[in-house]
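I'd like to ask some things about the structure below.
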């Protein structure tokens, strides 16, 4: 795949090129910025996870005994805001995408390194503001900020929380902008569009959504802040404003935002499945174009959140059919991944286990999305735990499983060290079991009619809630273990080597960890993508 | 192969022409608002605005001389704006078709 | 009290519930099939094609073509597409059934506020966080909110609809099983969202009539609306049956459901939202042929009061025999002068409780 | 992919082959690639700006459709003459900006500085006039909120929505002008110092795109906010 590789001295890499805090905080190296993101995103994940633990603890009993209503509402709002705006959206793009995109296309860096660093600072500003506000007073509107609750009736710090999300949005815009320009202008010679790894396609599609969707949530939050802070009303029914207009604007971004979370994950899965089957992904072009299709059609389905919101039935009908059409590209991806394994050389390494877990959980998440797209059925299950279960299957079972798969897959590249496969597989199984135990009962709860965001609930729902809380404990444990063996590997892990998995994409052609400039010599690509004919298949299980 | 955003020196004559058109259209659109066109009023005003915006984009912003990629970016911006405006207005326009409040 | 025993599947107690459950069962089946297929494939491939060092792979890049790459792609695009179109059509048809209340529906008004449900029956009975309804009758709820968005959800009936401030939404159902079922607020509405719950009691006809007779001390909704109408002096300007159709304002007789021509040349259907807007924002939609003289009543009428006024306007000039309404006779008992009318309405209050029972 | 990227791949020393051009960042292969990247980046940024304003435009169209009477009478309270003059001022500033880019590309430093200053002044006039209008609205209690009044408005209850949109849209527009104003000051300083050459004037060019975009937003705001149905009223 690569025309000229000059052996590099092992000692010199992006991590030890410079030392000191300043060399990290002022770095313009995309790899170092990715690590800054990794560190901060992990902190936000822990914070969001603690809020989740409080929620599940409270819900083990039907009465409101652990937290009072007001606190409970603030806790689930905080969980949503932190997990969505400060964890899920930046997770894969800003960490793995940032690290790998230039490597995969044979570039020395992203197109705008300073903007890349700026995006991290903007993100930290938003994230810190968000966590400080949520910790010191909180807000009880839910992450959806529906008006007029948020503008008139809420007693929390709505403006500051909205400001935090608003600021974090700009970080995501800057990242998306950087990726788009980079993919267009920084590819190595010979690296045509159809030689791009599917991870790059997925991130290109994600960036399109970030660019076109995020500004709309920004202006929506801007209007919300004006209405709440200065009484300049846009949605206030007291003056004839329409709260449903707010919901349109909100979901115009927030539905595609789900694809910001899931598309990069899909990109990771395509890489991982291909590598551990030593086979070009079945239907490469179909997978690539399905990412783009999701990015475009993803913008036309937001109204399926509004079937019971007094949206017109005819508009709902259009949104419904578009939603079903949008399900097809996701289905195509799943079938293609399965077909990739056919006659492959399958190695069930930890990243591969995570990837297979992703396929299973995302299948369930996607299929239950079809239930919610069916208008007549949605009327019953919307705003219940069915929805909660569905989007956790997509976001946790999908996005986070994909993130874990990616982290395990590229860890040797990022750090140069190998972690314990055994422990990683144990953790993966715990996550898979714990996850299903937590969220599967919620489908049942939802169809029984338990509404979401309920602090107290009728006693007949308790058994399923206890199951769910028990599962959450297992899930939490499953997420803690990687923290331990990853840290362990930094010091004691075996040296990974440049290409431990036998992968073919460009990032594996440079040393692990890569040098600051990524490649000693700009690579010239002369072969097709995922050409395993000259790659040895290492047996790591 | 890629098109290049070559230095294209736009003649000053073009700037003058665009500028004059913009000024004239500004006063035309102000005048036309006093003419009774019924519901067409907003569409006429918007058409004039779209025309003005187009010549700014094409000449002042050099898109006419730009790469295909630039043109694609501009078009996708317009397309997505239309997604936002028309799909939402689709809801507003069809509310009440069924004759049942809230459907 | 609703059933408190552990269940895995909710009670189905409305005419629509069976249809929703059928679609649900269909989708569960399809989903299970697909999930198992995928799970089987990846597990089977992971075992069958596991990497064995030293053994040459059987796969050659050309294999993907030999198993018919393009054909496969088309097949697994087409099959899900067809299935999902079935789901789409099925879902829409149920939704449209759920959306259109049958013409013979009996009306009940619901007002949500943080954190309670207030219910007004046409006959005048009022209740909080409870809803008593007769078995096997089509019930249409017209709902509004005094503050934030709520959502009136009855899981056993498989139906819900958001309840919004400043406008009206509708929900209808026909209960098919007597008993007590949960009412939940399903749209997050602030601190005590989870306590904004209630119970719907489905009663057989006789029990219901008995219940209704016990609880309507203030007169029917239309009558209460009429007294409010007179208090506010609406009849001073608005022509109605009361003043023989002459006045500075439009005639309200037979207004509800009719087409109203507006000054700007357009026309609207006079539904609940139109009546509400015309009271709160009289200038927003001026009726053709009338001057802009009406002051706004914004802030002077509560949401519940507004519903009473609407009930009264609906009752004006309504055709005989229409169900669930106050017979016109009880409306026309008032004299023309507003003051007198007010007195008359008060006097009429205690007697009219079970008026509409005869309409059933 | 850009063919020119391949031209230098034989050079083994990273980032130093370009040392002769101080404006070329190390991770770009050559000036063309850098310039195109900047231009695409700017256009993508404008795309986000477009969607940003799009939300407010959507709200405008919805409420204008619902409450035409309120919108007509509230809009008639704005001063068309001032609006038209301000539109003219902004179009003039767009012309001067276009000319500034033009002369930058020809490497004519004096004219570049002159037209940048002209743009700055015209932008300043626009903001000044806008400030006057805001003050006028303030005096007449036409600011949404508790003390809102709309004297002589038809359907005053809904007129507040118009003014919310008026302030939201023009306010957001003005804040873009203010940011542009700040950047212009920096550009003038840099241009005067002789930072820009006929070969490299990317910041001027990119700022030009931004400025024209802000102009375009106003081109839509003017008819939508000032010119709703003035039938039967004198234009001036």
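Every chain is named by a letter (A, B, C and D) in the order it is written, and numbering of its residues begins at 1.
Going forward, a residue touches a chain if its C-beta (ideal position, glycine included) is under 8 Å from a C-beta of that chain, and two chains touch if they have at least 3 such contacts.
Keep in mind the model is a prediction, meaning the values are calculated, not measured.
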Central chain of the complex, centres being mean CA coordinates
A
Of all other chains, the one whose Cα centre sits farthest from chain C
D
Determine which of the two chain pairs, B-D or A-B, is joined by the larger number of C-beta pairs in contact.
B-D
What is the distance in Å between the mean C-alpha positions of chain B and chain D?
15
Counting in whole Å, what is the centre-to-centre distance of chain A and chain C, each centre being its mean C-alpha position?
37
For chain B versus chain C, what separation do you get between their C-alpha means, in angstrom?
41
On chain B, where are the residues touching two or more other chains?
69, 76-77, 80, 84, 88, 92, 96, 98, 102-103
Where chain D touches two or more other chains at once, the residues are 1-3, 36, 40, 44, 47, 50-51, 54-55, 58, 62, 66-67, 70, 157-158
Hunt down the residues of chain C that sit against at least two other chains at once, touch-wise.
99, 161-162, 164, 167, 169, 281, 284
Mind listing the chain C positions that touch chain A in their complex?
2-10, 19-20, 23-24, 27, 30-31, 34-35, 38-39, 41-42, 45-46, 49-51, 53, 57-59, 61, 63-64, 67, 69, 72-73, 76-77, 80-81, 84-85, 87-88, 90-99, 114, 147-149, 151, 153, 155-156, 158-162, 164-167, 169, 182, 184-195, 197, 281, 284
Along chain A, where are the residues that touch chain C in the complex?
64, 69-70, 73, 140-142, 144, 146, 148-149, 152-154, 237-238, 240, 243-244, 277-280, 282-283, 286, 307-310, 313, 316-317, 320-321, 324-325, 327-328, 331-332, 334-339, 341-348, 356, 359-360, 363-364, 367-368, 370-371, 373-380, 382-384, 444, 447-449, 451-460, 463, 533, 537, 539, 541
Interface with chain C, chain B side, in the complex: residues 38, 96, 98-103
Chain D partner contacts - residues on chain B that touch it in the complex:
1-2, 4-5, 7, 9-10, 12, 15, 19, 22-23, 26-27, 29-31, 33-36, 41-42, 45-46, 48-49, 52-53, 56-57, 59-61, 66-67, 69-70, 73-74, 76-78, 80-81, 84-85, 88-89, 92
Within the complex, which stretch of chain D touches chain B?
1-3, 32, 35-36, 39-40, 43-44, 46-47, 50-51, 54-55, 57-58, 61-62, 64-66, 80, 83-84, 87-88, 91-92, 94-95, 97-99, 102, 105-106, 208-209, 212-213, 215-216, 219-220, 222-224, 226-235
